[in-house]
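Heads up, the next two complexes both have chain A, just with different partners, chain B and then chain C.
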Partner chain A sequence: MQYKSQAVAKPYFIAAIILFVAQILFGLIMGLQYVVGDFLFPEIPFNVARMVHTNTLIVWLLFGFMGATYYLVPEEAETELFAPWLAHLMFWIFLVATGATVAGYLLVPYATLAELTGNELFPTMGREFLEQPTITKIGIVIVALAFLFNVGMTVLKGRKTVVSLVLLIGLLGLALFFLFAFYVPDNLVLDKFFWWWVVHLWVEGVWELILGAILAFVLIKVTGVDREVIEKWLYVIIAMALITGLIGTGHHFFWIGTPEYWQWWGSIFSAMEPIPFFMMTVFAFNMVNRRRRNHPNRVATLWALGTAVMAFLGAGVWGFLHTLSPVNYYTHGSQITAAHGHMAFYGAYVMIVLTIISYAMPMLRGRTSANSNKSQVMEMWSFWLMTVSMVFITLFLTGAGILQVYLQRVSDNPQPFLAVQDQISLFYWLREAAGVVFLVGLVCYIASFFVGSREPEAVIEPSGSAA
Partner chain B sequence: MPHSVDNPDDWEPVAPGQGLAVTAEALYLINLLLLPVIAFITLLILYFRTITNAPTLAACHLRQTLSASLWAGFLLLAVNLIIVLTGGYQSANVWMLVIIYFTCCHATLVLLGVVGLAKAMAGQCYRFPLVGRDL
Partner chain C sequence: MAQVFTKSMARNIFYGGSAFFLLLFLVLTFDTTKALPDRDNRGAITPEVARGKLVWEQNDCVGCHTLLGEGAYFAPELGNVYQRFGNSKDAIMGFIKSRPKEGIPGRRSMPQFNFSDEELSAIAEFLIYSSKINTAGWPPNIQG
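Moving on, here comes the complex of A and B:
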């Protein structure tokens, strides 16, 4: 670790991993509720489990992005963080707010939570993924502003690199678009329209900048390829991500009451959305093939390559599968969407956070550059278990989705929703089984922090071998 | 803004036949993603015009992409057709199989092409697993 203040990243990464565990546990509960409807009812109703599953995902990714930023910005800017104490303070505020919000979801009915937190004074609750009480949302804005101030001041006083500037633009966009969570028009069409400005423009817009910047940083470190080469790739990737992703928002405007031209704009631009992910995959493999050194942290390289491949599959391929409006007319809101959502979030964002944790954590825990071989082997097991099980989760949900669309919407005798759900329950059981394997992978991941921690660091292998 | 350069003069030399190798991989990917058949015919023409005098790197990528393209055609068209014809068009299960098969098969072939392209850009030979020819 080159700068002392990079250490503030560590609690963010730990909190991220703890919330990741919570997310997966609630995912498993919810997965079981798909097939055993009254499982844990009324203690944890399906809507609450779903809310905790999705909200913890978003929050732990935010913890991960913040930790990544606090780790890489001092190194990129070649200076200590502007105010490490502020980063620590914001960590505790964010963590307490997150804990209180999740406790609120679990302990009181959602309507009571709305009353207790004064939602009627400034109503923002009740929308999917943005269920947080208004007071929590205000807390998120305060944390984000303090975070951006801290990071911005660090970049201003130090070296300005493409990686840190792209990351900063992504983070600024993240904060800016979150403000639409406070705009809740009475008109339902407008409400949905601007809701997507948070949800879509995060995950298919500015988050891609954050993803690209973190991936570029890790690849510079583990491959030793010239920064100039990597920066050129980064420019092109983020340009394509923004060109396609911004107007590609239109694929969410199908069938919600918006003008018909959105079917053209949405279809054309979102059909191009796989391009930046395709380029990211070429980029990652190209950099690893051209590497000038063999970094002893082999598992971080594995995560980096895995991120590119899985993001291309989940966000690119599975997104394209149902993004054209004539196809989406049938598939809208089916399990195909769930399949895409699972693999895209895992591939693009879960994996990039695990990549930077894998790269940075050994240094944050006092190692020179990498964990022991034993620890890395355990982490590689977790990589494959989680990744392969996510592929199966996606395939089972895709199978369920295709059957659902056919039986419910395409066949000559369309069947009602619940009748179809009964017929595809086998896929839900298989998805649950794959989810259990994912949990095993996550346990291996956590175990990798403890296994082999007293053994010596992995050593650099002689260069020459290629990926 | 200017690039934050570590080693500005440290450019890697281009391997003989690298341009041809990259073109072959690009045509393989274009055949799968943008212009099916047209890109394949172009690859075929490129192969027969250059294979005899091509440097080792280019010859390797030309052979691999041609073999993989032929396999891709078989796996994506023929196998899909067999599934549909033997299962009938009016079955939900057939459509589920066909769509999942096509998506997985096509995505895998594209990913192999991506790895091949990255190898070509790095001046390295590459054998496509399963659908490539022995080196």
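Moving on, here comes the complex of A and C:
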């Protein structure tokens, strides 16, 4: 760690991991409710478990992005963070707001939570992923503003690199598009149209800039490849992300009351959205192959390569699968959507956060550059367990989705929703089993912070492969 | 990437390309808002429908159901529930009203929300309004 103030990243990463555990536990609860319908009913209805699952996901990714930013910006800007105290303060505000919101979801009925937080005065609750009470949303905006100010001032007073610039543009976009969470018109079509300005323009727009910047940073560090080369790649990747992803929003405007020309715009542009993800994969492997040195933190390199591959599979391949409007006509809102949502979120955003944690945490905990071999081996186990089980979760949901679409929407005798769900329950059981393996992987991940922490750091093995 | 393709070219593609397609996206958005009145059934949005939408939101119905294919995949699509229930508002209200408090052993069940008659009517009106939005022929059939 070159700058003292990088240490503020540590609590952000720890909070991220704790919320990750909560996310997975509630995923498993829902996975069981899919097959044992009355599990925890009526104490934890499915929709409550779902908002805990998805909201903790989004919030822990945000903690991860902020931690990543606080870690890498001082190093890129070659100066201390503008106001470390502000970063600490915002950490606690964000954590308390998250805790209170999740407690609210679990302790009172959602309608009561809406009433208690005065939702009728300024209604923003009850939309997918944006279930937070209005007051929490305002809190998020305040935290984001303070965060952007702090980071922006740091970049202004220091060295301005492409990595920190791209990261900053991405974070600024994240905050700007979140403002559409406050626009909830009575008109359902307008409501849905602009809801996607948060959701799609996040994951298939500005978040890709954040993803690209963090990946570029880690690759510069672990490969020692010339910054100029990496930055050129970064520009091309994010250019393709926005060129395809902005109009690509149209793949959500096929069937929600919007004009039919979106079937053309949406299909054509979103069909090109895999390109930036593919380039990311080529980029990551290229840089690692051209590395000028071997970094002792081998597991961080593994996460970086894994991110590139899994983001391409989840977002690129599984996204393309259902993005053309004639296909989407049948798959829209089915288990195919859930399959894609899982692998894309995991492959792109979960894995990039775990990549930067893997790279930065050893230094934040006082190592010079890497954990012990023992700890790294444990972390590699967690990488494979989580990643492979996520592949299986995706495959099982895809199987469920194909059958669902056929039985409910394509066959000559379309059957009712719940009748179809009964017939495909085997796939849901398998998904739940794969989910348990995922949890085992997560336990290994947490264990990797404790095993071998008294052993000496891993060192670079002598090797002739460095080109 | 060869030397002929420089970093500043890459940067210009990023700024130029993003700005161009953002602008195009805004133009298409503007055109969409012009075209919507003919498709989105806005004439039917009475105060009761608006109230129904709020009830829909404040009980997080979308946390189990899809509406026009968006939401959760645990329970049936509701964008066409009006047609599926034989164009009957009473059937929708009756269904919501009669959910067992303790659920159905071993099976998925909708919670009992204890809605007032006024809330029940509002939410049914909201679903009726939704069912008449022009969705380009989606869903493929009545099962949603």
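Here is the rule we use: the second predicted complex is superposed on the first by the 464 of 467 C-alpha atoms of A that agree within 3 Å, B and C clash if a C-alpha of one lies under 4 Å from a C-alpha of the other, contacts with A are read in each partner's own complex, and residues count from 1 in each chain.
Convention: contacts are C-beta pairs under 8 Å (C-beta built on N, C-alpha and C of every residue); 3 or more make two chains touch, one makes a residue touch a chain.
Small disclaimer: the values here were computed from a predicted structure and weren't measured.
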item	value
First (chain B), second (chain C), both or neither touched by A:I243	second
First (chain B), second (chain C), both or neither touched by A:V141	neither
Touched partner set for A:I268, first chain B, second chain C, both or neither	neither
First, second, both or neither for A:E228, with chain B first and chain C second	both
First (chain B), second (chain C), both or neither touched by A:A111	second
Chain A residues touched by each partner, larger count belonging to chain B or chain C	C
Which of chain B and chain C A:T398 touches, first, second, both or neither	first
Partner chain(s) touched by A:L28 [first = chain B, second = chain C, both, neither]	neither
Touching partner for A:M51 - first (chain B), second (chain C), both, neither	second
Touching partner for A:N289 - first (chain B), second (chain C), both, neither	first
Shared contact residues on chain A - chain B and chain C	162, 228, 231-232
Chain A contact footprint on chain C (complex, rising order)	1, 5-7, 10-11, 13-14, 17-18, 21-22, 24-25, 28-29, 31-33, 35-36, 39-42, 45, 49-50, 53-54, 56-64, 66-77, 101-109, 111-113, 129-130, 133-144
Residues of chain B touching chain A in the complex	1, 3-8, 10, 12, 92-93, 95-96, 99-100, 103-104, 106-107, 110-111, 114-115, 117-119, 121-122, 124
Residue ranges of chain A in contact with chain C within the complex	30, 33-34, 36-38, 41-42, 45-48, 50-51, 110-111, 114-115, 119-120, 123, 125-128, 131, 162, 184, 186-190, 192-193, 228-229, 231-233, 235-236, 238-239, 242-243, 246-247, 249-250, 252-260, 262-263, 265, 329-330, 332-335, 337-338, 408-410, 414-418, 421
List of chain A residues in touch with chain B within their complex	159-162, 165, 226-228, 231-232, 278, 281-282, 285-286, 288-290, 309, 312-313, 317-318, 321, 395, 398-399, 402-403, 406-407, 411, 466
